[in-house]
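Next come two complexes, and both contain chain A; in the first it sits with chain B, in the second with chain C.
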Partner chain A sequence: MLRYLARRAANMLLLALLATSGGYVLASAALDPLVRFRGSNPPVPDEQVRRALALTGTDPDTPLAGRLGSWLAGLARGSLGTSVDNRPVTSEIAERAGTSLQLLVLGTVLGVGLGVLVGIVGAVRQHRWFDRVTTQGSFVVLATPTFVVAVLLMVGATRLNDATGRQIIRFTGQYTPGHDGWAGLADRASHLLLPTVALTLGLVAVFSRYQRAALLDVLSTDLVRGARAMGHTQRSALVRHGVRVALVPMSTLAVYTGGMVLAGATITELTFSWHGMGEYLLLAARRGDVNAAAGTVACAAVLVLALGLVADLLHAWLDPRVRL
Partner chain B sequence: MTTASDVRPVTAGSVLGPVRPSGGVWHRVVRDRQAWVGAGLLAGIVLWALVGPVLRPWDATHVDLTAFGQPPSARHWFGTNDIGQDLYQQVLVGLRKSLVVALVAAPVATALAAVVGAVAGLAGGWVDRALMAGVDLMLVVPSFYLLVLCSPALAKAGWPVLALVIAALTWMIMARVVRAQTRSLRDRGFVRAARFAGAPLGWVVVRHIWPNLASLLVADVTVGVGAAVLTEATMSYFGIGVRVPDVSLGTLLAAGGPAAATRPWLFVCPALVLVVAVCAVSLLGDALRDALDTGAGRG
Partner chain C sequence: MAEPLLDVRGLHVRFADGAHAVRGVDLQMAPGEVLGLVGESGAGKSALVSGVVGLLPRGATLTGSVRLAGTELVGLDDRRLAALRGPGVAMVFQDPLSVLNPLRRVGTLVAEALRLHDRTVTTHAVQTRVDELFTLVGLPAGTQQAFAHELSGGMRQRVGIAIAIACSPRLLVADEPTTALDVAVQVQVLEVLDTARQTADAGLLLVSHDLGVVAGWADRVAVMYAGHVVEQAPTTDLFAAPRMPYTIGLLRAVPDPRAARRLVPVPGEPPTAGWSGPGCAFAPRCPVAQPRCAQERPRLGGDQQALPAHLAACWRADELVGGTLSLDDVFAVGAPRDRERPVPGDPVLEICDLRLTYRLDAGVRRRGRRGQIVAVDSVWLTVRRGEIVALVGESGAGKTSTVERIFEAVPALGTVRLLGHDLARTGRSVRRRLRRSVQLVAQDATDALDPRMTVRATVGEPLLLARVRRPERHRRVAAALRTVGLHPTVADAYPYQLSGGQRRRVAVARALVTDPELVVLDEPVAGLDVSVAAGLLELLADLRDSRGLTALVVTHDLAVVRQLADRVAVMAVGRVVEEAPTAALFTAPAHPCTQALLAAVPVPDPTADRPRAVFRPEPEWASAPTGPATPQCRLAPRCPLFAGLTPDRQHRCRTEVPRLLPSTADRTVACHWWRTVVPSG
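So, the complex of A and B:
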C-alpha cells in the first residue's frame, strides 16, 4: 500500500512539474506582455517598458528557456513572480484559491455524494419513476451549459426576492460588504447557495449516470445473488457486494474527471462574479500577464492532481487488489 | 498511472472483449427508437437552421424601428433586442455558426484520438509510453483553462481556428479508449498476420484497426458535436470564443445574459435552441454508444 502510494506520488510530482513548465511555455507563447503598453498615448518610453518587462521576467529578448529557468527557480523558492500590477502572484493566488476552494470542495462533495446516491437508487429501482425522472433530468442538465443553469438560478432568485420584497437570496460576489460576525457568516452562506446548487446539479447529472451504469453492470453478474446465497440480507448484499464493487470504476473515473470538476467550478464562480482563480486567469489573458496565467495554470494542475490522489486513495481503499 | 482499461468503466464491451463486427452494431442502431428520435430531431434542427430564414421577411441585421426590446409576438417570433433586431433571425445565424464550429471541431478531435490511440496501442514500447504520457499531461490542466490561456492568440484568428483549438484540447480521453481497443485487437489473428507479413504500421492502422473501430469513432464524433457546441457557447459567453462580427448561440447568450431578469426572451430563446440541439445530438450519440455495449438496451 505504501509503495503503491509512493509510486503514485512520484508520478504525480513529475506530472505536476511538467504541466507547470508546459503552462509557463504556453502562457509565454500565447500572451503578449507588451499588450498593455501598446496604443498608449503618449507612448511609453522604451527604457520604461524594458524595466517593467525585466521586473516580471518576461522580456521577449531573453530566450524562452532562460525565462522558464528563472521562473522555475523562483517556484522552487515558493514564488510565482510578480503580476503586471506589480503584486506577488503567490499571495494573490493563495487568496483567490481560498475563494475558489470553498465552492470547489462543497460542490464536489455534494455533487459526487448525491450523484452516487441517485445512481444507486436509479439502478436498484431501474425503470421505476425515480429512475425515469433522474435519467431524463440528467439528460437535460447535461445538455445545458453550466452558465445557463447559473443565470436561470439568478433569475429565479431575483423573482423570489422581488415577490417577497426582501433580499432572501443574495448572489452577486462572495459577500455583501459591511456584514461582520454571525450576520457576515449568514451572508456568505447565502451567497454560496446558488453557485453550489449550479455546480452540484451538473455533477449529480454526470456521476449519477456513471454510478447507475456501473451498478447495473455489477447487478447483472452473480455477485449480489451469491452474497444472498451466503445468507446476507438483500440490503447488506447490495451494499457490501454490489455498491462497493460498483464504486471501484467510479473512483478511477474520478481521476479523469478532476479537470472537468475544476472547470465546472471555475465557470460557475465566473458566472456569479466571484473573485476566484477563473477571474484571475481571464484577467491575466486580457492583460498579457504571463506570470499570473502560468501561476493559475500551475495551481489548477496541483488541484486536479490532488483530486486524482483523493480518487486513488478511495480506489485503493475499495479495491484490495490495488494495494499489492 | 491508471491503466488504460480503466478509462471506460461504464461500458463492459470495451473491457470484456474485442469489438463486434460493425454490421451488428448498425443493425441494433437501426432498430433503436432513441436513435431515430435523435436523428430525426437533429435533421429537423439542421433543416430549420438552413431554411428557417426564408420564413420571415427580414434578415438578422434588419432594424425594426417600431419594435425595440419587444417580447415574442406574431411579428417577431422570438422578440427583438434593444435596437430592434429580430431575435428569430439572429438565433438562426448563431445556430448555424455554432453547428459549423462543432462540426469542424468534433471530427478533428476524433481523428486526432484515432491516430494517437491506434499508433500508441499498436506500436507499444516507448512510442506508446511517450504518447500516453503526453495525453496524461494534457489531462492535468482543465481544457477550459488552456482555452482561456490561448484566447488572446485566437482574438484575430476567426472561428475556424477556434474550432481547431477546441479539437486540439478535447481528444485525450478518446485517445485512451482507442488505445485500449487497439491493444485488444493487436493480438487478434488478422492483425498479427498483417504485421508478420511485414505490413507497415500505418497500413495496419488504416486497413485493420480503424475499420474495426468505425462504430466507436462515429459514436465519438456524434457525442463530440454536442460537447463542442457546449464548449463554444461557454467560451463565447465569457467573451473568448466566437467574436464580432460573427454571431453564435454563445454570443447571443452573452448578450442576453445581463437582460435575463428583465427581458427573458433574449436569453431563454437562444438557450432553448441550444439545449434542444445538444439533446438531439446526445440522443443519437448515446444510442450509437449503447449499441456498442454488450449491455445494450439498458441505458
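So, the complex of A and C:
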C-alpha cells in the first residue's frame, strides 16, 4: 500500500510537472505580453515596456527555454510569478480559489447527490413516467450550452423579482456591499443560488444517466433476486444490495468530476460575474498575462491529478475486488 | 400424500412481454421429498420456480394457487412473502457469483440471512450458527472472511447453500445449481445440497436440464414441456417406463457415459412462448400423434391409486402402459454403429512436449513480478487420419491453451506438427496452406458467427480466402449445408433467424466446407438442449463413418466423449495424465485423476450408482501462481491414491514429475503408482 502510494505520488509529480510546463509553454506561445501596451496613447516608452516585461519574466528576447527555466525555478520556491497588474499570481489565485471552490463544492455535492437519486429512481422505475421525463430532461440540459441555461435562469429570476416587486434573487456578483451579519449571509446565499443551480443542472443530467445505467447493470444480475430470496423485501434488497453495489463506480466518477467541473464553472462564473479561477484564466488570455494563465493551468492540473488519486484510493477502499 | 409440503394448482405465469411461460401446472411435494424438474430451455421451469418462490420479474403475473405447508402464497404482499423466504422457502441459484454481494464478506452475508428473520438474536448466537453452517457445507472457517470473488465456483455455491438453509427452510428450491461447475465439483456440491436438505429436513425442488443429475438425486421427476407438466412419476418408473412421447424422446436423446449408443434426436422445435392452440403442444413433433392430439389437450392423468402416482399428459399413455404401443414405436433407436474402426492412418496432428506459461505482471516494466501460471506443462497428443480424439479435463486443465497453440494464437514451447510439418520450421506459404487444413468450431456459435453476414457468406468465407470462384463457392456451400443436415435455403438467413442448434450446424458447415484434414471442436454441444445435442452428436458420428472425419474434440463432458471419441486424452494441471482408446479408458481407468473424473459423472439411470466425489479438495491450484516449478506431481495434494501410499512412495510423488509412459500397447499413463491398489474408503 505504502509502496503503491509512493509510486503513484512520484508518477503524479512527474505528470504535474509535464502539464504545468506544457501550460507555460502554451501560454507563452499563444499570448502576447505586449498586447496591453499597444495602441495606448501616448505610446508607452520602450524602456518602461522592457522593465514591465522583465518584472513578469516574459521578455520575448529571452529564449523560451530560459523563461520556462526561471518560471520553474520560481515554482520550486512556491511562487507562480507576477501578474501584469504587479500582484503575485499565487496570492491572486489563493483569493479566487476560495470563490471558485464555494461554487464547485456546493455544485458538485448537490449535482452528484441529486443526479444519483434521479438515476436510482429512473432505473428502479424504468420506462415509467419519472424515468421518461428525467431522461428527456437530461438530454435537453446536456444539449443546451451552459450560458444559455444561465441566461434563462437569470430571465426567470428577473421575472420573479418583478412580479413580487422585491429583490428575492440577486444574481450579479457574489454579494451586495454594505450587508453584514445575518443579512450578509442571506445576501450571499441569494447570490449563490442561481450559479449553483446552473452548475447543478448539468451535473444532475450527466450523473443521473450514469447512475441509471450502473444500477440497471446490477439489476440485470441475480443480486437483488438473491437478496430477496434471503428474505429482503424488494425495497430493502434494492437499497441494501443493489444500490450499494451500483454506487461504487459512481463514487470515483464523482470525485473525478469535481476537478472536471472547473471548465464548466468558468462559463458560469463569467455569466454571473463571479471573480473566480475561470474568470482569471480568461482575463489572463485577454491581457496577455502569461504567468496568470500558466499558474491557473498548473493549479487545475494538480487538482485533477490529486483527485484522480483520491478516486482510485476510494474505489479500492469501497470495492474489495480492486487491489492496489 | 398427507398434508403436502408444496401444493401447486392451476398455476399460470405470464410475462410482461406477453409470453405465457407456465400454463396451468399442478404439482405436489411431500415433506422431505426431492422432486426433480426437467425440461428443455423455454419449457417454463425457471418461471415455475420463480413463481413458487415469489421472485418473478416485474410485470409478470401469477395466477392459480401455491400452498406452502397450507399457507397460500399467491396474492401475498411483498412483506409477507419476504418473511416466508428463508424460513419457509429458500433458493439456490445457478450463478452464485452474481447473487453474492461483491462488497460483503461471505460470512456477513450468511449472518445477514439469519438476522433478517430474527432481529433479536445475539451476535454470539449468529456467529455460532454461521460457524455451524460453514462446517455443514464443508467450508473452512477462514473462508467466512473471504469475498465472493476470492472463492472458486464450487465454494461460492457452498456459500449459496449455506445462505439458503440458514433459517432451516421447509422447501429448498435449486435452479440449475451445478450447471456452471465441473463434474467433480458438481458432485461435491450436490452432496452438500443433499446433506443440507437432510439437516434442515426440507423438501428439495431440483431444477435441472441434466437428466443424469436428476436420476442420481431425485425421488420423483416432473417433466415440463411448453409450460405444462407432461409427465410426473417416481424417478425409477419414469426412466424405466416413460408414458409420454416427449419424455421418451428426451431419455433416448441423452448420451450415456457407460456405453456409446445411438441417440434419437427429437425432430422439430418446441413452440414459442406465445404459442396457443387447442391441442397437445408436443403433437407437431410427436411421431405417434393422432388427429385428436391436435384438437384437444390431454390432461395429466393416470393411475391415481398408486402412490406416488405415475401421471402422464398423453392420449396414448394407456397404450404405452398396456404395451400395445412400445417405446420403439415412438422413437426407434437406430442400429448400433459398426465400431470396428479402420486402422487410423498417418498422423495429422502431433503435439510434442507443449509448454506454455503466463507471466503475472505487476505493471508495465514489472513483468513476471507476481509469479507465473503454468497453463500447459508438457502435453503430448497425436491425432491420426480418420479418428476422433477427445481432450478432456476440468476447467483450468489447459485444454483451451493447447488448442489455441494449434492455431498459433499463443506462443509456446514445444513442437506442433501438422501433416508432418513442424509449424515453427515451415515457410510462410506452406504454413498458410497447413493452417487452412485445420478448422475450428468454436464453442459459442452465436458469438462465432457474424450477425451481419448471411449463412452463405459465413460458410463461404474460408473458400473466399482460398480464392475459390463464386459459382463453385455457392455450390460447395450448399453441399456443406446439406452435409450438416440443413436445407440449402438456410444460406440466405442471418444468424439471428436460426435456432441454437442450427447455428451450431452452420459453424460445423463452415469448418467442413474446405474439406479440412482436421476439425477441432471446442465443447461441441455445451449449452445445447438434450434433443438438439443428440442430433449434432449423431451428425458428427455419421461424418466420421461416412467421410472419415478427423477431429479433435475438446470437452469436459465425459458422456459426449464416450459417444463420439475413438481415443481419449485426459488432462489435469496442464499435463496429459492418461491416454487410451475410449472403451478401455472408461471400463478400466488407470490414472487416479481419470478414475475420479469418471466416478463423478452423472449417469442418466436411477438404478446406477450415484456419482461420487473422489478428489476431495477443489482445484484451487489450477489458477494459483507458482514460483519456479519444483519437480513433483502437482496432483498429489488432492490425489486419493497418494493419500493411501506409504511415506517412501509419497516421497517419490513429491520429488519427481511422473512421465507419460506406455503401460500397455495402446495406453499411456503419467503416474508413479497407478498399479498400486489402495483399499477404497
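Structural remarks
As a working rule, the second predicted complex is superposed on the first by the 289 of 324 C-alpha atoms of A that agree within 3 Å, B and C clash if a C-alpha of one lies under 4 Å from a C-alpha of the other, contacts with A are read in each partner's own complex, and residues count from 1 in each chain.
Rule of thumb we're sticking to: a contact is a pair of C-beta atoms (placed from the backbone, for glycine too) under 8 Å apart; a residue touches a chain by one contact, two chains touch by 3 or more.
Note that the structure is predicted; figures quoted are calculated from it, not measured.
Shared-chain residue A:F130: touches no atom of chain B or chain C.
Number of chain A residues touched is higher for B, counting chain B against chain C.
By the touch criterion defined above, A:T296 reaches chain B but does not reach chain C. In the superposition on chain A, A:G23 makes contact with chain B only, not with chain C. Applying the stated contact rule after C-alpha superposition, one finds that A:L270 touches chain B and leaves chain C untouched.
By the touch criterion stated above, A:V148 is placed in contact with chain B alone, chain C being left untouched.
Of the two partner chains, neither chain B nor chain C is touched by A:Y175. In the superposition on chain A, chain A positions 248 are in contact with chain B in one complex as well as with chain C in the other. Put simply, chain A touches chain C in their complex at residues 221-223, 225-236, 241, 244-245, 248, 318-321. Note for the complex: chain A touches chain B at residues 11, 15-16, 18-19, 22-23, 26-27, 29-32, 35, 139-140, 142-148, 151-152, 154-155, 158-159, 210, 213-214, 216-217, 220, 248-250, 252-253, 255-256, 259-260, 262-263, 266-267, 270, 278, 281-282, 285-286, 288, 293, 296-297, 300-301, 304-305. For chain B in complex with chain A, the residues that touch the partner chain are 1-2, 6-7, 9-12, 136-137, 139-146, 148-153, 173, 226, 230, 233-234, 237-238, 240, 253, 257, 260-261, 264, 267, 271, 274-275, 278-279, 282, 295, 298-299. Of all residues in chain C, only 53, 55, 78-79, 82-83, 85-87, 90-91, 93-95, 98-103, 109, 112-113, 116-117, 147, 149, 163-164, 167 touch chain A in the complex they form.
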